[in-house]
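Each structure below is given as structure tokens.
Look for chain A in each of the two complexes below; its partner is chain B in the first and chain C in the second.
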Partner chain A sequence: MIINVNELEKKYGKSEALSDISFTLEGPKIYGLLGRNGSGKTTFMDLLAGHTLPTSGSVKVDGLETFDNRKVTENICLIKEANNFHKDLKIKQVLRAYELFYPRWDNKLALALIKDYHLNLNARIKSLSKGMVSALGVICGLCSKAPITIYDEPYIGLDAAARKMFYDTLIEEYEKEKRMIIFSTHLIDEVSLLFEEVLILQEGELLLQQNADELRKGSCVVTGEKEQVETFIADKDVIKKEELAGMMNAYIYGSKREAEAAGLRTESIPIQELMIYLTEKEGA
Partner chain B sequence: MQRQLKASLFYLSSEIRYTAIIFWAIILSILAFSLVLDIAFFKNSDGQMMFNFSFPLYIFSAIVAQQTVKGSIPYLIKMGSTRKNIFASFSIYFFVISLVNAFIANTVHSLIVNFYPNSQSVVTLGSVSNTKSGESLSFNHLAFFLEDTWMTRMVVDTTIMFFLMAFAFVLGLFFYRFGLLGGFSFIGIIVLFFIIGMAQGWLLDFFVYVFSDITLLVFIQLFFVGLIIYFASYVLLRRLTIQG
Partner chain C sequence: MKLDESKPIYLQVKQYIENLIINESLKANERVPSTNEFAKFYQINPATAAKGVNELVDEGIIYKRRGVGMFVAEHARDYLLKERKEDFYERYILPLKKEAEKLGMTEEELINLMKR
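Coming up: the complex of A and B.
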């Protein structure tokens, strides 16, 4: 599936959540949608899922508008951090509703995961802990088998073991049946290895869209004596510099090999740190 | 479309089940308590007890319809439902709720009146003096103005409930889309309409005309007015988005 975002703008009153962003996402692929609070990630996901209308511009899936379009919405499953389910419903009713709404729903997998996460099918949503509701959310997202599955901070309250189980199942299911998964999270370090492509939003604008491997390989931190580092980075795109006692760390776009050939020590930059530095650099 | 309609109706029926069970448990408990009181205190005395299913049901239906805007529509949209599907499924949902509630209420009404010797049906707006002597528990219903049969009561309750649900749904949509200001402005316009109508006399004349010769047709017309109001709701529903 192809998502075309064209000059997309969304305003809430006078505040601009997204300002004229344009990009294309092509699946199947696992996307990391990153950015600081208020960068416009949730707004974009709401627009993509057809929950809200843009102020101007468009977001189309395979050339079709997403708002109020059954052909598109039955192929998109958005799981948010909260308020995914009505509190008076039982888990089994939620699963049945999802089964009816999503044509590719995998009920066998749903029941297996319900067991793995120790959920009771007869329990009402309002009786569940925050972690249990999150577990139900990730289960619904996985089992919808929607060609575009979007997770917006889906695991608030899930413990580390439950999160690991989710990542493992996600990879397993993705290997079995590839689809487009858009992942927005602040726990970037935990999931960054899953990302095949990364998008970073900053104050409603697209700061970066790059293949995750290229991003990891194409950036590094170089360490050495200040003069030596300064000379090396003179013609490089520098993300951030840190100085301490005559030594310098410089976060750059460039290959490790070149830096090592210049006698400097190098390290990879984790995507989480890269996101922080990039958004700092842009004046967040 | 058919699958989505089925999905929405399943979702809505699952959601109402819990609320409806609580509502009916309360109403039937009050009825049971009334019967106990009647047997204990009123059976062989001049005392009278009046019981009415309809008005609690009308209020319940209107509240359900109003609350459903905020409580159900966002979840249906989140699961991929289109606004057209929501519009279609809610029309069926409101009609079925009206029908089922009317069926339960009037069947219980008939059972008690027929099998509990001290009970009878009386006019809602009339006084206790309408009751026959020796019958201490009275069920009142608007259908007493017409022919008081199970079927008449069904028609009266179903049509009134559907009308109220359609109206409350539109009211809920106004509040949802335009906030407190929009919702209360809508109520203000309705109130203004009534004040002007009463002041100029034409609204009073209308009510006198309707109630002086009330027939079942009036309630059927009310149902169609409810349908028109419901169709009008699509204007508000068409571009509805999830807030928050």
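Coming up: the complex of A and C.
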């Protein structure tokens, strides 16, 4: 499936949640959609899932608009942080509803996972703990087998063991049947190993879209005496600089090898930190 | 091995296999774990694991047998040892000399430490 985002804009009253963004996502692939609070991630996912209309521009899946278009939305499953399910329904009714909506629904997998996560089919949503609701969300996303599955902070209520189980199942299912999975999260460290490609949003704009390993490879921290570092970074794209007692750390786009050849020490930057510095830089 | 999230993951997968070959945990013509096994074990993206494995195939360190899996090439270990030795100066000796210089150590002191 191909998602084409073209000059997409969304305003809520006077405030602009997304301003004129354009990019393409092509599955099957696992994407990380990153950004700080208020960067427009959730707005984008709502538009992609066809839940809301853009102010202008478009988001199309295989050439078709998503809003109110069942042909398209039966291929898209969005699981949010909360309020995915009606509070008065029983778990088994939720599963039935998903089964009716999603043509590729895998009921066998759903029942197995319900057991793994110790959920009771007859329990009502309103009686569940936060962790149980999150688990049900994760299960519905996996079992929808939707060619585009979107998780917006789905595991907030899950403990470490349950999250690990989720990643295991996700990888297993992904290997069996590749599809597009989009993760939006700010708990990046834990899931970043799953990303093949990363997008970073900042104040409604697309800051970056890149292969995750290329991003790791293409950036580093350079450390050394201030003058030496300043000379080295003169022609580099610098993300952030810090100084202490005549020494300098510079976060740059550039290869480690080149910096090491210049006699400087280097270190890698985790994607989590990179996102923080990038969004600081642009926001300043 | 634990993965370092900040470094390219595919390179770490690649180095991990290389190390298994160098320390003879994997011998010539033995089966290399599959991309899916790596993905599951390290909870990483299968495409990323595949990139590391495929680079080794391209370099002739391991070879594919369709429908069966990946295997260690006949002279993989010799080749890797040669490659690692070539890197040895840059990766280990150079940083060592730099640190020694910073501490004002003489060549003699360094050599004595080597012999210890």
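Note that the second predicted complex is superposed on the first by the 283 of 284 C-alpha atoms of A that agree within 3 Å, B and C clash if a C-alpha of one lies under 4 Å from a C-alpha of the other, contacts with A are read in each partner's own complex, and residues count from 1 in each chain.
Keep in mind that, in the parts below, a contact is a pair of C-beta atoms (placed from the backbone, for glycine too) under 8 Å apart; a residue touches a chain by one contact, two chains touch by 3 or more.
Keep in mind that this is a model prediction, so the values were computed, not measured.
In the superposed model, A:S268 makes contact with chain C only, not with chain B.
Residue contacts after overlaying the shared chain place A:K217 against chain C, while chain B stays out of touching range. Of the two partner chains, chain B is the only one that A:D88 touches; chain C does not reach it. Of the two partner chains, chain C is the only one touched by A:D189; chain B is not.
Look at A:E172: by the touch rule set out above, it reaches chain C but stays clear of chain B.
Of the two partner chains, chain B is the only one that A:L100 touches; chain C does not reach it. In the superposition on chain A, contact is made by A:I30 with chain C only, not with chain B.
Overlap of the chain B and chain C interfaces on chain A: none, as no residue is touched by both. Contacts from chain B toward chain A in the complex involve residues 1, 3-4, 6-7, 10-11, 14-15, 18-19, 71-72, 74-75, 77-85, 238-239, 241-242, 244.
Within the complex, the chain A residues that touch chain B are 46, 49-53, 68-70, 73-74, 76-78, 80, 83-86, 88-90, 93, 96-98, 100-103, 124.
If you check the complex, the residues on chain A that touch chain C are 29-30, 164, 167-168, 171-172, 174-175, 189, 192-196, 212-214, 216-217, 263, 267-273.
Residues of chain C that touch chain A in their complex: 3-11, 36, 39-40, 42-48, 51, 98.
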